[in-house]
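I am attaching a structure below and will ask some questions about it afterwards.
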């Protein structure tokens, strides 16, 4: 659109239909839009079929359904996170292909799945109560075109469960590791693999876990190299970043 | 003393040298002292040969030397923690048998070592910078009559170092585990053994370790059962508690 | 199982049914499982009749009932903490022997009680509102084979209540001391006894108690030696650690 | 002064020397000054002989000496807190009667001591490292005309030391109780007496004492009634408030 | 009771009915109880007609009613704080004289009001939403035998409201000042009067008031001398301490 | 009123109906009221038609309606913030002209709108969930007589949306910028304009946003000059301050 | 420059020297620069004679001197904040007109003072130790072309000092109010005036002032409307924002 | 070694030199070592030529030199972080090829540089005081075989500086973005690119930056997707993680 508009303006100058001064004025006001479509270009591979993700918290079911419908006018697939069942129903009515991932509290609409990249993203979590966060990461990575393998309930209190997975973990391109309480799992995993580890603190715990702060601090202080961290319970952010990284592995 | 005083009072009543009313008044004021000598009795086994420990921080070398000399009038052995080299020299002048444990910053005076109890206390630490805290725990446990085994630099980033010690760790009665940064070591150790683990957060780290808070929170939130925690850098407290526990094993 | 598998492999090698190279490959993949059953061995005394404890928070009643049934297939007894009444009913339907300790919010199933060890674990709490936490500790210690004595509502504002218990407290092997608000009780108790004290901060209080932080900090800074600390409201953790300690007293 | 000015204005109106409108304008601008002298009147009893106290931190020795000299032009006595030895020397040169209370880091100049009120203020502290704060309180209360009794090193880890003082404590009008670490002493004292207790948290401790926060929180959450709290290390504030209270007892 | 028991013992010794040795044994075990009744003696003036105060939060209506009935067996009056209406109804059924102070959420039962002491306690609050806390303080002070004057909604944003009260405030013996948000009122009041000010931070506010922390910190850092602080929303504690202080004024 | 009273007093003095001494007494007690009406004078331009704003949180609908009615007796317009729909209904019944701004949770009653000042106040917010806070600011600024332009959902993740507004933003006199999460928008805006920016952190976010603390800290640390900050979610405060500033531009 | 470049490009297209396609490519890459010079235009009034301010902390004296010299090539005046005396000397050697404002720790170089705007900015501070922060604000506002009036040491503990200034304060266009400790001064001032108040928390205080956090929170929670806040000790930021506001008053 | 040992054991079984039971015993004890060499294999590609990185803080120069020499016995290159100049001199004496990167406080020894991978890692920082952290990241990424491009001093207060780099940033595989104060730069960059962004909060700032906490929280709450975070000032961690990611891009 902008590109068309700009081409026309340039042609108009060339053809003498617009003066240099008038064009100058127009171009200044266009500058942003020029920047805009440049940004779209740079982001096209990401955005193609996968533009904006809806964060449902604080939006009404009706609002989410409306935004979802609008996004799907220009895109094949859709991702909406932190959605409760009421929101899902509203979206479902508007978009019958909508699916609800109950544990992850995520809505997806997939008209045309993205082809899967070769490598895998491993998603681990320490306990069963971390699953909602881990699943949010897994669903996000999956819909963005990644192969995802899940390894749940491998907390360090029973270390052998994790060690038994050693060979498998070594085959992943990226590892997302979710844990609450003392948040030690990413450090242990980071010591076992030579790939990027994205640590996701969860709010699982009580008392001095302070809603995930204990786990967050532990992960930020990881003695294992190659560990980076996202916000508490931010499964989506981990899945998204992991997808960006895995995408690099397949350039 | 109090006992003598009390016996005399009772004899005076019996002999009619003191009225009931007068004795009543005296007994009320004695109550505390009665309680006092009772408490001394209860603590005798602990205190015998090992009374008060001097915490040197905030005391002058001269003050420490004076208190140390006073304690040794009634006791065989002495422990003074958080002592710098100047304090040590002051104590050494007063008490030539004094020894300085430089890494632990601990002064000991041992006239007659306590006999060693049969079981062992294992002292682990994650990195070499945690050694001062671990050593404070080890020296404390040692002077209180325990066999101590040290396993240093076994942090979880190189997990195999710890796993290689598995059999040895299983033979300890109590385990003191010191770690800074993300403080995950006590959780991993707690998952491997079936004995009490005393976790000691250290102030090793930077940024979001907040002087040991990250490690402290991690340890308080340990998903491994049987882990209890002491204050940041409190090697002495861990050694003392471990000694009380190990003492039980040898009743 | 693993042991059987391994024995068979070794026999196969010996019998020439497997080449050294093939066995080598298999053994590497077995390594974890070897470790695994080794750990099982080390933990057997603990786990026998008492394996995994279910933390119910964040699990549905149906999930808890299912896990409980599974655990009881291999074990005599069961402990499930932080269980509400709905969860209890679901477990009760599946396991008619289930009992609900309402104050402690704990479910137990005891097919064959563990024999009681000789010494006792004392459980103290400062006020009546601390009882749920104290009871969680007491039920945990009890089901794990310990004699438990409870001393409730002995907060330091009426110090004589505590002092009156002095002699009894001196007979316990381990003391669990629960307190909210200013959390001073463990320090006072720690000054009276010569046994390990496990301090449990509770979330009782308001305003600057910050949900138990004030009590937690007080306990971590206890001037009485021999005091270790668990997470806020973690009665289970205190009961478990006390049991490990009391077990040592009876080796 | 203002009063004189005001009287004159009213007389001027009465005498017809000033119109109502002009007086109205003047009175509006006088309002503040009227208020001002009223406030001075109300505070006279307090300020007489004891006006402003100099907080030396952040002031140069020369500045303190100058302010001190100025205050003494209108007053008999002077109190300057948080003063180092250099500051003392500067004050001493200017005011030869100046005295330095080294532990308390307080400078006093007493030309004419205030007569002592009948009742006593008890100042307690838990450990020897709390003495600077306790002494600041004691010196403050003393110079303000109170009888002060000091009970130092009566921390709760050796409870009998405190209980032995029970009768004496009951005779005080107000009690100032200083403690660092877990800050439990004011609660214990508050449970023993029926007089106001002013709790002073000190920064004594390390690790999770967070420079006195642990003690501060403990004191704010005291389960003993009648305990109020001042800022960390604020011995002066406690001494001042205790003096105001003790003054009431002698009205 | 204990006094009777002790008198009898002493009489028995005197009469030769008990040997010195036997008496010695009994006295040791009595020591605590001796201490106990000594404490009761010391506290009698306070406790007479006014013993234990019930903190209702975390107790069922039935529990509160039962404790209330028990306390009233030995006392004339009763105070129960943080009581909701349901609790009140339960108490009312058991004790028809019970009264509910709705704003303060306090229950009182007054069979025989304490005679009022001569001086007054002033209770101020900054805004209308602080009234529950201020009323808790006022009701507490009132039932304990003090004349209370309330000055509500005198926050510093409209300073003239406070200044207009200047003369009245100067007549109070003690001032309780409640404020949320920036908690500046106690500092301003403390600068106007020469009597003890008890500052009560309230949880009124939002965002960076952090449930009263902002006000609490402000009050602890008050630049006005003579201000001491209690826990957030602790109207009762302020009322109690103020009563202890006002009682001194009337010795 | 006060002015009338004062004029009368002065006239009485002049006429000899009041002695100088009696007038002096009266004037002292009036001093505050003098101050008061002086303050009213200074504030008249602000307060004319717009006195007190009702903060509804913690007040019942009936209370708000009553206060609102009272305010409107002397004023043309009314603003009540943090009002839920129930409160609105109560106000509406009493004052039929009341309007409810649902997103902003604000009630306004406008009998006679203030004339609009020439310049504009721009209100920006980062995401759609920040709108309630932004709207509170906008409604406040509007009713106080300012032209308001809203630029919503211009968060920095899609920077071109903001850059496209560059020219418009440069025309505003003051800019109110609301953002949650990382709170970066005010810094970016502050770098683009040369007018005062009032930053409003919102509680939008989760996990380590800590209810708006992350955004608050970001804004306080803004590297762009000219940015000042109000409390979390304090749209009203921003609107009020912006109005005071914009008023200056139109003196 | 960019404008020239752009004009030339457009002329080239018009003249047929550049094809539409080639121009399109160039324009896309120009987009940013177009935006850039637009921004420069928008900021010109601010930047003219007063561009970048040097924050000296973390820079060597040599670095500061070099940056200062570079800035002065294009500007008349210079402001460098948080400069120690060493830095000043380095700047002085390079720029002999440099002046050092010792209390404010600010260096200024004024070749051609900006003409003073008519209105005044009032700078208040609570105590003498707040003066460095207040002076930083004052020097900043002064060099940016504002008349500044200073009212120092007007803390609320002696409220009459502030009230006496009431009339003067009402004449200022903007008020900068600096305070440490409980930070109540901006609230009190904000209640007295009807102009924007910029509150500057200072790190003056100890203990629970937490380096200025107490004052910061108090100011953010101010119950007086029209108060906005800058970072702790950020005198420069307050002076800068006040200048932007005062500038509006003189459009 | 372990592999050889294991092969020998298997051969012994096969040859009948070891019984199945004896082998079983040996294998159990070997389990850990089996695991160990498996881990080494998995990590070989990473560790080859680049094993352990020395964190110098808390180690003496002599210790660092000794560890460095030991590491270089088996490796070509070495990285030591947080090294002061004294440490560098000690290393330099032992290892003449050592180089000191003064800003980054990093020592490197490069005997044989790793070949550079094709893609680039972009390292950005907001201000010049962030350079030490950015340089630590850059040196780390460089020595690990990556092409690094640095874009320093591109903070958002002058947004055009960043926008001018847009095209270049789009060519990087990974972006490391360092910022202190409000830490907004990673969010802005994350909105411009479609590659993984590693955010590094720095401790640059004062007051409410709380040593980097403000920036850390901002980055954790980034509204831009694809941003992960490391500890405050952890340039090394960012460089290491970026290298792991960039390595994926070149598989």
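In this document, chain identifiers A, B, C, D, E, F, G and H correspond to the written order of the chains, with residue numbering beginning at 1 in each.
We take it that a contact is a pair of C-beta atoms (placed from the backbone, for glycine too) under 8 Å apart; a residue touches a chain by one contact, two chains touch by 3 or more.
The model shown is predicted, which means the values in this text are computed figures rather than measured ones.
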Copies chain E and chain B - interface residue numbers shared by over half, same or different: same
Matching chain pair for C-D (criterion: over half of the contact pairs shared, by residue number), options B-E, E-G or A-H: E-G
Centre-of-Cα separation between chain E and chain A, whole angstrom: 55
Cα-centroid distance, chain A relative to chain C, in whole angstrom: 39
Euclidean distance of C-alpha centroids - chain B vs chain C, Å: 25
Touching two or more other chains - residue numbers and ranges from chain H: 32, 35, 38-39, 159, 163, 166, 192, 207-209, 213, 216, 220-221, 225, 231-232
Chain-chain contacts as defined at top: A-B, A-C, A-F, A-G, A-H, B-C, B-D, B-E, B-H, C-D, C-E, C-H, D-E, D-F, D-G, E-F, E-G, F-G, F-H, G-H
Parts of chain B lying in touch with chain C, wherever the complex brings them together: 35, 38-39, 42-43, 45-46, 53, 119, 163, 166, 170, 173-174, 192-196, 198, 216, 220-221, 225-232, 236-238, 240-241, 244-246, 248-249, 251
Chain A to chain C touching residues, read off their complex: 128-129, 159-160, 163-164, 166-167, 204, 206-209
Chain C residues touching chain D - in the complex, by the definition given at the top: 126-127, 155-159, 181-184, 187-188, 190-192, 205, 207-210, 213-215, 217-225
Chain D residues within the chain G interface of the complex: 29, 32-33, 35-36, 39-40, 57-59, 63, 201, 203, 211-213, 216, 231-234
Touch list for chain H against partner chain C, complex: 3, 6-7, 10-11, 13-14, 16, 20, 23-24, 27-28, 30-32, 34-35, 38
